[in-house]
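The following pair of complexes shares a single chain, chain A, combined with chain B in the former and chain C in the latter.
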Partner chain A sequence: MIDLVQNMLDGLAIGSAYGLLALGFTLIFGVMRRLNMAFGSSILVGIFAGAWLHGQWAAGMIPIFAATVAGAVVASAYVERMSFAWIRGDAALASMASSFAIWMQLEELVARAFPQRSYAFPTFEALPMLELGPFFLRPEHAAMFLTAAVLVAALHWLLTRTLFGLRVRTLSDSRDAARVSGVDVGRVAVLTFGLAAAIGGVAGFLIAATDGQISTKLGMWATMKGLIAMVIGGLGSLRGALVGGLVLGVVEAQAQWYLGASGREICTFALLFAALILLPQGLVGRKDTLARAEAVRRI
Partner chain B sequence: MDGFTISVLSNIALFSFLAISAWVLLIAGEISFGQQAYFALGAYGAGIATAVWQWPFALGVAFGIGLGALVGGLVAWPAVRLSGLHYAIATLAFAELVRATLNVFTYRRDVGGVATGPDGANGFRDIRWVYEAGLPPGAYLLVIAGCLAGVIGLVALLTRGRFMARLRIVGEDPILAAMMGLPVARTRIAAAALAGGIAALGGALYAHLATYVEPAQFSVMTGVHALAYGLIGGLGTVFGPILGVLIDIGLLESLRIFAGYRMVVFGGLVAVVLILRPRGVLDERMMHRVAAWLRR
Partner chain C sequence: MLALDSLSKHFGGVRAVDGISLTLKEGEIFGLIGPNGSGKSTTINLITGLYTPTTGTVRLDGRDLTAMAQHERTAMGVARTFQNIRLFGNLTVAENLWVAQNGHEQRRAHFLGRWFRAGGEHSPEIGELLKFSRLHSKRDVQASALSFGEMRRLEMARALASRPRVLLLDEPAAGASREDGQILAERIRETRDRGVTVLLIEHMMELVMGISDRVAVLNFGRKIAEGSPAEVQANADVRAAYLGSKHKDEELIHA
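So, the complex of A and B:
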């Protein structure tokens, strides 16, 4: 019983990082109606920028955090230009293929610049282990929880209480309607892309700081986890992204504990497949608007 | 031909099966991240048939194809009503499920005093039928090329027999297709079975060339590459995905001029091509123009 709850805690912590990755995907999917396969590799660029700063000057946590987020945003800007802005409006598939190509490109560039198998990333060593009765909470995990909660609250405020948020929501509801009502579609899309990259950068930083070491495999890993969490929760829903991430985290943690690594993989993917078949609208997904359904079908 | 040329040509041909398989589904309007699963099923199925059960080669390959087509159809059956992105993730989940299962799948039998068969994550050794038959690599390349020609011929036949046209209508606009009285779901399931069979054929041939396969080879990366080949080469004809493979493996890997920076160059090239031609180099319009030019 204690194990069960402890796994649940660990799963929720890593799940909140998955949730942040899924939030990034959801934001981009919301305004672009396209899949950004290069999302994880942009985060990879950020993480390695942070690791470089760490290795070069033994910088503190705050500059490393800033470098990680900045690296992710810069790489994402490149992806946005190459795979989205310059691709014809009606070619969603081309955007997906192109972002995959950019993913390969970014990953190879990082692998060339950092040829070792893995690199060190600073951890929150100074913080003590939290004890809650019989349970333990790692300080990194606590940081993940807190950051995710704060970010989601901030994002919610941004999207529901500001003019920018209204524009994003208009755009994600209907591109045409947004354009007709005088929204600068291109600008809002770019800003949202940047926002998503920043959230991804934060998630990447937290994950890297928890593990303490990073490799070029993290890019694909982040893309897969974010994508899966988004789909489990329900496409185009911010709440869904978060819930999807938490569910994925808990399921993985429990399966890892009781079934081992290969059992976890089998269990996770079998569950994902079953969830898609039985519950295609996601855990908290609502009935899609016509425009959204059309876009989902078309991607 | 020297050994290097033969191995490059074999690789191009084998990847073409996977790329054509993903292309068939793209035509049907479905994105699949998971065709590598059928490649794996073909490899394991045919490998077990020839190495463990000692079946003849052709029968083993046929078994692999049948397995791939059957599973492809069975997976598509519930998944076919999912919309684009969901279908894509469902195929991804299934492919990873297959890979994870192969990681623990052990089936070893005593064959001539040696334990033979898949051994989980350690892979599947000694798929030696081609080697024992004394077939030189050049001759085996001919077998692979013959099978690829067979697949291209089959697609040509289906194009004549209206199946591909039907598939394109279903892919472009399923609602219109349904209004025209086309069985949308059944057409898509048939396409998925066809794609599964083609990928499995590639896998079966691959296993006998390499004599060794392991689950890690059938990762998502392989599947996404296969998908990208069709999108780069063009969705217009079956030669599109083959062109994609040629550009990637043929040009960049084999020439080795961009040693180490291959993916950087390839990625940039693909991005630029897609900006200029969103449906690939050999898209439908290009093929119409070529066809009109040929008719003159």
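So, the complex of A and C:
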């Protein structure tokens, strides 16, 4: 029983990082109605920028955090130009295929620049383990959970209360109406892309700081986890992204404990499969079934 | 004030709009009619910038809009509604208006102010627009939950929220009853009285002929007549064009 709850705690922590990855995907998908397959590799660029700063100057956590987020945003700006800005809005498959190509390109670039199998990433070692009765909470897990909670609250405020947020949401409703209402659609799309990248960068930093070492496999890993969490939670729903991430995190933590690493992978994909068959609209299905049908048609 | 000069739009071999010239006068209601496929909607799309013209120019108060993006034309004072309503369904009624109201202030205000301002959907101007459109009881309702008639009213209010000089209405009476048509006519007149010039595309002849100061008739992408409603209804070319699509003829004569 104690194991079950402890796994749950660990799962919720890592799940909140998955949730952040899924939020990044969802923001881009909601606004562009297109999938960005290079999302994980943009984060990879950010993480290696942080690791490079760490290895070169033994910089502190704050500059490394800034470098990670900045690296992810710069790489994403490149992806946006190559795979989204120059490809027409209705050519969703072309964008997806081209972002796949950029994924390979970015990953290869990072692998060339950093040829070792793995690199060290700084951790929050100085912080003590938190004890909650019989349970333990790793400080980096607490950081993950808190950061995700704060970011989600801030994002919710931004999207529902501010003019910028409303403009973002007009894009997923009707681009034509947004344009004639004076919204600079291209500009809002670029800023949303940047915002998604920054959220991904934060998630990448937290994950790397928890593991203490990074490899070029992290890009693919982040893309997979983010996509799976998004699909489980429900395409196009921000709440769904978060819930999907948490569910995925908990299921993985339990499976890891009871079934081992290979059992965990089997459970992850079984969960994805079950979600697609039983809950095609995700755990947090949007009321707006028309928008959903539209979204599914475009993928 | 709004001037189209030899405007053309060709889709492959199809000349959807073929050399149309029109000039709207400040403060008038101008009706644009024609059989289906005569190029009315294409003309609106050329004015708002959804399409780029093959040849010709669009000017507003002497300024050339032809090369401007759609949101820039909105900032210049061009607003429109769509034949098939396009609202921001996930936003509330008041938020729909707020977005449109601020569309053209993007360049003027301070960066933080213009992107992160919160709570502007409660401004007095939006309250006034909600009253004008008889939507004030629905201000916090999601736009997708409105009735069809309310959606039409909201779309027109959203167009007005951008403080247009000229408002383009693309079949605003489509799907409306005769009584609704009369209410709509009243609202279009009130809009004109607010100082907004109106370009009206409509199939409901009674509405167009009843409220337009001038009317132009399109057929196969060309303008075949222009004048007062009475002049246009008496025009032989116009009757011939409408005889091609039977039922429209009676409407025209009886209106």
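The rule we apply is simple: the second predicted complex is superposed on the first by the 293 of 299 C-alpha atoms of A that agree within 3 Å, B and C clash if a C-alpha of one lies under 4 Å from a C-alpha of the other, contacts with A are read in each partner's own complex, and residues count from 1 in each chain.
Keep this in mind: contacts are C-beta pairs under 8 Å (C-beta built on N, C-alpha and C of every residue); 3 or more make two chains touch, one makes a residue touch a chain.
Predicted, not measured: the structure shown is a model, and the values here were computed from it.
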Touching partner for A:Met224 - first (chain B), second (chain C), both, neither: first
Contacts of A:Leu109 with chain B and chain C, given as first, second, both or neither: first
Partner contacting more residues of chain A (chain B vs chain C): B
Partner chain in contact with A:Asp211 - chain B first, chain C second, else both or neither: neither
Complex contacts: residues of chain C adjacent to chain A: 48-50, 69-71, 74-75, 79-80, 82, 86-91, 95, 98-100, 102-104, 106, 114-120, 144, 158-159, 161-162
Contacting residues of chain B [partner chain A, same complex]: 26, 31, 78-79, 82-86, 88-90, 92-94, 96-97, 99-101, 103-104, 121, 220-221, 224, 227-228, 231-232, 260-264, 266-271, 274-275, 278-279
List of chain A residues in touch with chain B within their complex: 35, 37, 82-83, 86-88, 90-91, 93-98, 100-109, 112, 220, 224, 227-228, 231, 235, 262, 265-266, 269-270, 272-273, 276-277, 280, 293, 296-299
Chain A to chain C touching residues, read off their complex: 157-158, 161-164, 166-167, 169-170, 172-174, 176-185, 191, 288, 291
